[in-house]
Amino acid sequence: MSVKKGSRSQAVFTLGELARRFGATIKGDPEVPIAGVESLAGARTGQLSFVTGPRHRGEASASEASALVAPPSLEDLSFPLLVHSNPYLLFARIAGLFQEPLRLNEGIHPTAHVSEEAEIGPGVRIGPLAHVGPGSRIGAGSSICGTAYVGSDVRIGSQCLLHPGATVLDRCVMGDRVIIHSGTVIGSDGFGYTLDEAGSHFKIPQTGIVQIDDDVEIGSNCGIDRATFDRTWIQKGTKIDNLVQIAHNVVIGEHCILVGQVGISGSTRLGRYVILAGQVGLADHVEIGDGTRIGAKSGVAHSIKAGQDMIGIPAMPQKQWFKNLVHFQRLPQYRDEVRELRRRVQELEARLNREDR
Amino acid sequence: MSVKKGSRSQAVFTLGELARRFGATIKGDPEVPIAGVESLAGARTGQLSFVTGPRHRGEASASEASALVAPPSLEDLSFPLLVHSNPYLLFARIAGLFQEPLRLNEGIHPTAHVSEEAEIGPGVRIGPLAHVGPGSRIGAGSSICGTAYVGSDVRIGSQCLLHPGATVLDRCVMGDRVIIHSGTVIGSDGFGYTLDEAGSHFKIPQTGIVQIDDDVEIGSNCGIDRATFDRTWIQKGTKIDNLVQIAHNVVIGEHCILVGQVGISGSTRLGRYVILAGQVGLADHVEIGDGTRIGAKSGVAHSIKAGQDMIGIPAMPQKQWFKNLVHFQRLPQYRDEVRELRRRVQELEARLNREDR
Amino acid sequence: MSVKKGSRSQAVFTLGELARRFGATIKGDPEVPIAGVESLAGARTGQLSFVTGPRHRGEASASEASALVAPPSLEDLSFPLLVHSNPYLLFARIAGLFQEPLRLNEGIHPTAHVSEEAEIGPGVRIGPLAHVGPGSRIGAGSSICGTAYVGSDVRIGSQCLLHPGATVLDRCVMGDRVIIHSGTVIGSDGFGYTLDEAGSHFKIPQTGIVQIDDDVEIGSNCGIDRATFDRTWIQKGTKIDNLVQIAHNVVIGEHCILVGQVGISGSTRLGRYVILAGQVGLADHVEIGDGTRIGAKSGVAHSIKAGQDMIGIPAMPQKQWFKNLVHFQRLPQYRDEVRELRRRVQELEARLNREDR
């Protein structure tokens, strides 16, 4: 590996180096230099791209990439190749080598406010105008970017990344390698009130926390509320997109995917590997089983077992939804059929009446 | 009351003290010490929990709580009890005693930027890296947490709380005891344009303000736009969840509840005690009467009178929606019935034709 | 023009001055002083309001405005008038004269963090506690308000406005006169993962940028993700409301309107003058043609040609949606009709059977 002159972070690897590093089979010249990764259409000389199946053949043939990552089924492509059974995964791993690193200061920036009562681990970076409150602990190698806010008595593990303007409020807890994007709020109060004698909404104190386990990533401008008691809990490996709302006491299992603008009401629980598509809403106190997938814009009012594909408002099995939808679209036709039947029945009645006479 | 050793804020009360303080009837030992509140399942020795009705009997019997708040109908439970006609409200009030206070600095933190032209009332706390612009007035006892932003010429009443990263823009006005959660923006420009001669969207200046009355609470990452003229107005006691969008010139009456991800278009008006469930959308220039409740994910295009329960896209009376839904689900069956009728009519026709021959 | 005593920014113009300045025809006294603009209902003496058509006649007659902007068809109104073929546009232009300017400091506020490696153009204002990272360039006359965040290697054109708490992340690019409202995040990571051998979601590096062209305005608390490769691109003159989610690699054409809480999935492309109403969701890899309008709350799973009016989940032509909706509402009636037909067919069958006997 060598570093390109005049570039801040740009590395160059040979195809052979990449093959050895990531355990891929090489096909073609192992000395091809790779200085970056790109899409098939965008790649230029010196860049690596990827194909995952036969539908990419056409686009690949027009690509200017210097080499491709490809599955064994596409070994015949006339490019230098890194052959791998999961080309997209291999490509993603290689892409990480070339990613522009965040330009963070070492240590604690002088304009940051870090409480003397905070414990800051080794290698932690805290950016300009960031805030870390008293009693908080930041684990080794974590980065709190400029303008991010960590409240009091927060626990942040190692190798975490809080992007600029991310907010983690008092007493919340997160594991290792957690990524929180800008504008997201972890630990705002749950939404709970009860009417008092005067007809005003009396606020239920929200005394719990948010717990976020290892390898969770949460997109920008989400709101994750703290629990009334105990914890709102996002388990290991779950990934959450932008503008998602998670209410108090929700539990989200491991390795779930929550797409943009999803909303989950209080105390609802998701199993593992649940997928919620964009703008889905879940009612409170609902349970969603492992591996269940819910289509975009669905509304879920009742619990759903494991392994289901559901969609609609209210959510129903995907097959049923599409069937009902076809019927819905045909309603004008059905109406016409009923009218025609009525006409024919009338005629039959008239005919019989005539014959009876 | 005594303070537990080694704890920062943890108070201990006897059951008798709590009964006297909040006007509850005591049943059992008044000397039971209470050091915290918890859910039935989570409570341990020394903690108080609550039951509201017979469905809690089972869970209560397994609870390790030292005492319960209970309604008169559950006086027979074998726990020391605080008996009250509204146990959930009483419990919420007691919970407030045990709530972990925010760890705020006294006065104005040296890293905050507070304009010399701002008027800061007695007992006001302004956190690290917070901003208060010129001409703004912050009332007695209010807290502007770290990284919160108060613009110019803002009026904030007494005992308000702006959480970290909350933003209140120029000239907006709020009453007393208002709570704004992190990431929420009060007073961004309303969304108004008109096409100019060149086919570009020309921005309509948004010259109004947002007015927020006493005891309003607004969740995290909401957007509340200032009025084109005059004011966007959120009246006394209304509570708003996370990620809610309120457009320019909207008026929300007293004591409304707006659940997460609700969106309200321009100039729409809500009466008092209106409830909008999660992800509801209201069109512009619509009026919603007092006490009307609108179900999750509904879309409202027309005004609705007081006291209605509505749901659906478009919103219709709840009963009708559920009835139509049943029919919708039965569409395949109806289709089959129509087909069968057609077959029978055909047969009748053929029979008559045969007989006529 | 004169400046009113005791006011910070309040200007006064005569009607004649306004007519000359904006090319309107005057009717009535050109010496009428105008010190502000207001709605018909809110206007008081000294203020200008506007009417656009005959439906405003009634409200106008009760208005206390000192003068009105009116179309030629309303020249007979008994007010001093500025007559113009596009009264709303003229009014918006005049309103700009009276708008309260933002109270920004000159130059760079001492509490802001501006990297020494940033290039700051002439006349740029950077507010308290704002952040500008290394390698970033801010064009002439742009304003970065207090607590706004500009990352590293960002390009911002001239006369741009980043409101308090707006965030523009590394390497993103914007043209001239771009406005970004508070809480909005430009350049968070796109949402892309692939399962690895262990069943964990492996993050696809998001190496692209967001490009925002001239005259774009983006509301508060939006999330605009950077591209996986290349760019997420918002073209000239497009206006985006609050809480909108734009995924990686989306391309939005010129002069589009995206209303609050819209969500657009990855790689979807919009033409020019597309209008998406509130809470609309678009699937990934969809194309929407020029001038197409999509009604509130719609869900779009497939590409749509130019010039269509679509609505519904899934989106269909507006006419068809309303027709289907009528049928949907009539389902109980259709069910009754089918039942009645069945009864009549049964009767016919019985009758024929009797006669056959």
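Chains: A, B and C, in written order; residue numbering restarts at 1 for each.
Methods note: a contact is a pair of C-beta atoms (placed from the backbone, for glycine too) under 8 Å apart; a residue touches a chain by one contact, two chains touch by 3 or more.
Only a predicted model underlies this, so the values are computations on that prediction, with no experimental measurement involved.
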With over half of the numbers shared counting as same, classify the chain B/chain C interface as same or different. different
Quick check for you: after a Cα superposition of chain A on chain B, what is the rotation angle, between 0 and 180°, in steps of 5? 120
I'd like the Å distance between the centres of chain B and chain C, where a centre is the mean of that chain's Cα atoms. 26
Give me the residue numbers in chain B that touch at least two other chains, ranges are fine. 111, 129, 147, 165, 183, 221, 243, 261, 279, 313, 328, 331, 334, 338, 341, 345, 348, 352
Given the complex, residues on chain A that touch chain C span 37-39, 42, 86, 88-89, 92-93, 95-96, 98-100, 102-103, 109, 111, 127-129, 146-147, 163-165, 181-183, 215, 217, 219-221, 237, 239, 241-243, 255, 257, 259-261, 278-279, 296-297, 313, 325, 328-329, 331-332, 334-335, 338, 341-342, 345, 348-349, 352
Could you please specify the touching residues of chain B with respect to chain C in the complex? 111, 113, 129, 131, 133-135, 147, 149, 151-153, 165, 167, 169-171, 183-185, 188-189, 191, 193-197, 199-205, 207, 221-223, 225, 228-230, 243, 245, 247, 261, 263, 265, 279, 281, 283, 299, 301, 313-314, 316, 323-324, 327-328, 330-331, 334, 337-338, 341, 344-345, 348, 351-352
